[in-house]
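Same chain, two partners: subunit A is paired with subunit B first, then with subunit C.
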Partner chain A sequence: MRNLNSKAKESASPLLKNEGIKSVSASLLSIMAGLLVGGAITVIVALINDEISFKAGLEGLKLIFFGLFSTGRDISGNLTFGFNPVNIGNLLFRATPVIMTGLSVAVAFKTGLFNIGAPGQYLMGTAASLFIALTIPSSSVPTWIIWLLALIGGMAAGALWGAIPGALKAYLNINEVLACIMTNWIAANLVTWFFESSNLRNGNESGKIGYIMPTSANGVVTAKLGLDRIFPGSQVNGGILVAIIFAILVYVMIYKTTLGYSMKACGSNKHAAEYAGIKSKRMLVLSMAIAGALSGGGASLYYLSGNTEFFHATYQSLPAEGFNGIPIALLAANNPIGVIFSGLFMSMLNIAGQQLKNLTAYNEYITDIIIAAIVYLSAFSLVIKALLSGLHKRKSAVAVATRKGNSTTAGVQTHADEEIIEEINNGVKNAEIDFSEDKREGEE
Partner chain B sequence: MSEYIIEMLGITKEFPGIIANDNITLRLKKGEIHALLGENGAGKSTLMSVLFGLYEPEKGEIRKNGKVVKIKNPNDATALNIGMVHQHFKLVDVFSVLDNIILGSETTKFGFLQKKRAKEKVQALSEKYGLKVDLDLKVENITVGMQQRVEILKMLYRENEILIFDEPTAVLTPGEIDELMEIMRSFRNEGKSILFITHKLSEIMAVCDRVTVLRKGKYIGTVNTSDVTKQELSQMMVGRPVELTVQKKQAMPGEVILKAENITVPSKRQRNKPAVKNVSFEARSGEILCIAGIDGNGQTELVNAIAGIDKTTKGKITLCGHDITSASIRQRNKLGISHIPEDRHKHGLVLDFPLKDNLVLQRYFEPEFRNMGFIRQNAVKQYADRLILQYDVRSGQGGETITRAMSGGNQQKAIIGRELDRNMPLIIAVQPTRGLDVGAIEYIHSQLVKKRDEGKAVLLVSLELDEVMSVSDRILVMHEGEIVGEFDPKTTTVSELGLYMAGTKKQGGTDQ
Partner chain C sequence: MEFLIQQTLIYAVPLLIVALAGVFAERSGIINLALEGIMIFGAFTGVLFIHIMQKNEAFMKEQAQTLLVLTMLASAALGAVFSLLLSFSAVNLKSDQTITGTALNLLAPALVLFLINVIANQNVLSMFSGDAASWFMLKKSTFGFDDIESLNPLARLLFINSDGEMNFFARTFLVKNYLTTYICIAVFVVLSIILYKTKFGLRLRSCGENPQAADSLGISVHKMRYSGTTISGALAGMGGFVFALTTANASASGDVAGFGFLALAVMIFGNWNPGTIALTAFLFGLFKCIAAAYSTIDLNGDGVYLLKELGISTNFYRMLPYLITLLVLAFTSKKSRAPKAEGIPYDKGVR
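So, the complex of A and B:
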């Protein structure tokens, strides 16, 4: 048994050596784990809830996995599946903003920062975009120029909002997570206040109290680029292509340019970057500004569609699109191209949840719990990757080390309790970096 | 009862594409100090990992006191009373010394810690073996030497009989090394068995009874230290005759490359006391100027100030006639500084980068490697391949290898290659041979001498007096942030230097 086991590991080794394959398989595994747990919850809810029959539970299970392809129910009441252009179009539409926030979080991660400020940056982008799109008169300026200005304005506002925690981190050593949370809430209240006193509120339609006018009121609408003909009846527009282009640009920036090189160097070893003459403080601010611009741009792409309306009044929650950037980036292992796919996956869950709510007796709360469980487990891809690496590392670390010489750094643990120590040390170090060690530098 | 307390017989451990241990036999007698000698990559770590149950060998068996034992995980090893002091200590920085010692095997009563009893036990041990530690201090506030004593106490606290020391002297001052040797001898007299992993031949000759030599995964032999010379041991280890002394011509000092005038650098640890006080010196082309001193006497800060990492509060630094006192790090790098940093993991390398990216760490923005903001991947790759070949940097996948996966010796070679290839008039090398084996040390020394002969100024900071004496052309001794003496290695002695390093004597001032 032991032998078999080790043989299986051996044979898996060459495959697991490849970082990319490791990341992708880790992400797929965590998605599967998430879906399975989500499915299990669906069934359990059906079993304990009198209102949901067992049959409905199985239907729920089907919808969790294949909700995207649900086409409703036939005359006899059975679920039908097939190509559903509305679902797929909406999938693409909703993926647009979260791909952008996913990119935002991923860029910041590359410089070693945790951008939990994406919701605030998203809100600032929303406000700037809507303001520009609704106030520049379309009678005198071509709408595509307004559209472009609104996108640029949204990105600029996001960039500014991202740069603030970046600068606080770089020059005053204030933990970026704390600063981001603060700026999030400042943004929430600032945006509410700004719209409260503006004349952009939608007073024309009934039932729209608290909403801002859609940008279509000023004729500013994202071009459909023919996508509406492929997916008729959906909200899809060219924004998804813009998001994909951004993903490619970010990929190129991170992996192909000297800027990306400096950012990554700062992210993985600030001291070495400084030793090499890279201005790490400037890099921190810059990377947070880029991250903010992406979040802000995500908001622009979402609200410039013309068929989305921003609910500004009594703002008590932060936009989920911002926070969803975090699991999306994690799921993609911070790879910008991967973010496209994890963003699509996240939005697929959204569609599946909607189908579940519409077609079965599951209410929106249960649906949200199921979706949350899937997202939660999906974000474990890094853990699963570490496990995959662990399988392989035990074998390879010393192999690698011995091939090119003995190593004190291969990270070979020799005692069980030493692993605990390592962990504690890491934890403590992280805390220290944020609160005490860097304080010294801040005083310089 | 067997004569041997631990026997590792015919151990073979293969990894895909490499045999890390090929039929290796290591027999440790009860009550002896046994050295395990080998170059980087000889398989010492793998063998120890097998002993600790981290790897299951394909062939071979381990016996304790003649009985075959199965060690499947580190807990088995601990249960067999095997303990190890790692080269990089495994301590929790913010825990007290006492907490670190008892961590993992705490004395408890009804689930509550019995710290008082633990403390008594540790104190008894510490007195018995002369291991001076302050149990209440936090580990982050104690010296490296004391941290090592904490690690040793950890093993004693667990009542280990078989003690493994992995390169224990790499981080110690000459005095601390002597103390450690004394402690090891007292363990031997107690009947404990010690495995001493090292590649410092003089230490083996001083303290060990027998030596097992490994080379490239193969067992070369086990000899009594009384029967061999250093020269023979190094030949067993490297496989060819090695120059233990540095061959060099008379230095031909030329013009002044680096001039430091009255520079003062504030200390990061102590507020009111500068780390470097009013230091002035000149480094000339064609000479190796060495700054000697016990660790922590301002050498690090002095070098950081020259390289631009730390700021000076006073004084002037001139490089090749340019005032660089307030220049940025990059300006200095471009103007003429190559810097082999003290801490290769902290400053020298981005460990998660592929090797090729690390090889252009200060150069990636130069036109050779950059085109319109894009990195010229091919140029980087070609350049990396050339350096890898030229400086014999060994790694699994060449330039694509993640640097973290490389051995310490090869990481250092990569840094040396990168820095020397930049061909700058000033080469700062801070402890360039720390933790490396004889072959690599010989190589690095010869490279430094070569650069000197090419007319570069070499500023060498070293804690090892052997290195100081053999490599340098001129020696400055630092003590408490001041230069306390200047020496010619040909006319001074190690013991004379030692007196200045310890602060007992001082040139140009009254003796203390």
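So, the complex of A and C:
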């Protein structure tokens, strides 16, 4: 049997033998399929809706794929394309926070946790950063020190907020998905409350009700590092480089350090990790704290830019940057370097959506549909990967997918973890007892 | 007091029905994290249905209650269709159910907002004419209470007190309520009985506990899981519409304020058991009601608004349901008992 399998492996095309390439091609397939779904919806809407002509539908299609290079319309009303420094600069600016939240989700995934709490961590990071950046007087402290303190503060707040669901999961065995969702909404209300009772609200400018002052009011602005000369007219700043440095640091941490190894060990098999002397509970809390710090840092980088303003009544909706970390991490197969690229791709979609809104009868939500379709497909990317490597390997890969499913969803289950093994052992026996009880109930 | 009960019912009923939706999926072995997304989709389809019916003048105000029931059915049907995306991926493709659920939660608001923008050129779709209260709320005239003289003797005995006015029961539970509340409660009771007292229910639950054993007895695990998620989708879709009707004046905006997730919390809190879930849902409804209307709650009718005079921030009351969920989960998590096989794709080959 073993021989057969290895033979089968050899016969598979050599390109597809490499795991990394398989992940990349699975992601690319998801992206293509997602874009196709978006394109199909655009065309279908154009066909059904009388107000949108078929030509407009095709224009929408063009913008979905090449929106980044859109330069508006010419005099005769046709779409024009070309190098657009504003779009590319804005792309880099918007990619900054989502690369950070993507890293956050990826780190948690490595420990087998699903960090859906990124929006809450992001909000806490926002609040801490803005508070520090706006309250330390720039007259007595150099602004770069304030900037650094604000970044550290934002990361610390995020870390604290991430550590809460981590600790609840580790020590009280509360489903981390649920705990994250609850902490998200608590953060949303807490941040609103905090800013409502603060004096940081922007009362000077009209039309800015509900907004917090930009950090530039205190002179705290992220350094442009010459990027604004390459992409004139855009919002780009040095934050993107900081995000890339963080991605490299996370990569080194996960793949080259003992800490990263322990985290991965907890993610793939908690009991084995525990057996090898790794304190798995501590690892869970630590990995969620790191994840939270990255989300919080993303918020800091976004709001310290000086040209972004925070709308503080967040209690009704959570920031999309937080949720977008999930597709970005999934698309990158949780590889920190991959996160940089998938983050850039996501914000490219975002830019395309804006172009779509500005230039056609469509709206920017089509890009959210595409993102959702991509996440949907990446949920079974392991199956896609298996299909890529040929049918004969399908079975084993599905088994892997199943096992992997177990390991990630084990986090979702609310059993006490120690009980799981015992339960699996006694599974059939218990089930029989359960059945007989149920039958008796039924007969009554 | 009547106001408090009515408001609590308004918040509790969607939670009740959507938490039961979660139970059906999880008892069959599928984690339905997409409840929020399905609610959003259901709310949209329900409102769209009303909008189209009114636009084409298929129903007049006099037949509003018929329209309401039909809309509930429509949103349930489309919620069920939407949930097929989850069951197909989870059952046939053995995907990670948490991620699929998240994908649907991302998809629903995006799709709904995209369509609303195409249809209405704005971010909100509301009724074509009139508002939810004037069309669908049960009024005095619905029961004939406005003309007590011609009321039939039995109704008079039951609902009218000696002063010739409506009694407490009629004031609280009949007038100023929505028919949806009672339909949902009835559906909840019927489905709970089906889940626990019928062959189908037993088979469904067995697939969530030990699918291998169920399969060995000739039960099709795939079919059962499909039925579980489809019922779940129908209930969540209906719950989404009820939420939009009673709290958002029958308008859809791609948002149900986290009620789907709150319903998940209610389900875990209620230990996957309909009886406890019902209690929990009403408790949560009460908290939500306090958060929404704490400044106008006057418990004993002496004109003193106790909660308002305490002077605590609105934000605190808004935060309360989530905070309490977390705290209570912290205390009860050791005892909670999820269906054993939930979230694990069924593979015949695995022992």
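One rule holds for everything that comes next: the second predicted complex is superposed on the first by the 352 of 444 C-alpha atoms of A that agree within 3 Å, B and C clash if a C-alpha of one lies under 4 Å from a C-alpha of the other, contacts with A are read in each partner's own complex, and residues count from 1 in each chain.
Simple rule for what comes next: a contact is a pair of C-beta atoms (placed from the backbone, for glycine too) under 8 Å apart; a residue touches a chain by one contact, two chains touch by 3 or more.
Everything numeric here is computed off the predicted structure, so don't read it as measured data.
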Contacts for A:P142 in the overlay, against subunit B (first) and subunit C (second): which applies, first, second, both or neither? neither
Tell me which partner A:T258 touches in the superposition: subunit B (first), subunit C (second), both or neither. first
Of the partners subunit B and subunit C, which touch A:G233 in the superposed model: first, second, both, neither? neither
For A:N189, select first, second, both or neither according to whether it touches subunit B, subunit C, the two together, or no partner. second
Looking at subunit A, does subunit C or subunit B touch more of its residues? C
May I ask you to decide whether A:Y275 touches subunit B, subunit C, both, or neither, giving the answer as first, second, both or neither? first
After superposition on the shared chain, which partner residues are touched by A:G72: those of subunit B (first), subunit C (second), both, or neither? neither
Subunit A residues touched by both subunit B and subunit C? 395, 398-399, 401-402, 404-406, 408-410, 412-416, 428, 432
Which residues of subunit B touch subunit A in their complex? 15-18, 20, 38-46, 48-49, 52, 54-56, 73-75, 77-78, 84, 86-88, 90-95, 103-105, 166-167, 217, 268, 307-309, 311, 328-333, 339, 341, 345-353, 357, 361-362, 364-365, 369-370, 373-375, 377, 393-396, 401, 404-411, 435
How about subunit A: which of its residues touch subunit B in the complex? 6, 10, 13-14, 256-259, 261-262, 264-265, 268-269, 271-279, 394-418, 420-422, 424-425, 428-429, 432, 440, 444
Which of the residues in subunit A come into contact with subunit C in the complex? 41, 45, 49, 52, 114, 116, 168, 172-175, 177-179, 181-183, 185-186, 189-190, 192-193, 196-197, 315-317, 323, 326-327, 330, 361-363, 365-366, 368-369, 371-373, 375-376, 378-380, 383, 395, 398-399, 401-402, 404-406, 408-410, 412-416, 423, 427-428, 430-432, 434-435, 438-439, 441-442
Touch list for subunit C against partner subunit A, complex: 31, 33, 85, 89, 93-100, 102-104, 106-107, 109-111, 113-114, 117-118, 196-199, 202, 205-206, 209-210, 212-213, 255, 257-258, 261, 264-265, 268, 313, 315-316, 318-319, 322-323, 325-326, 329-330, 333-334, 336-338, 340, 342-345, 347, 349-350
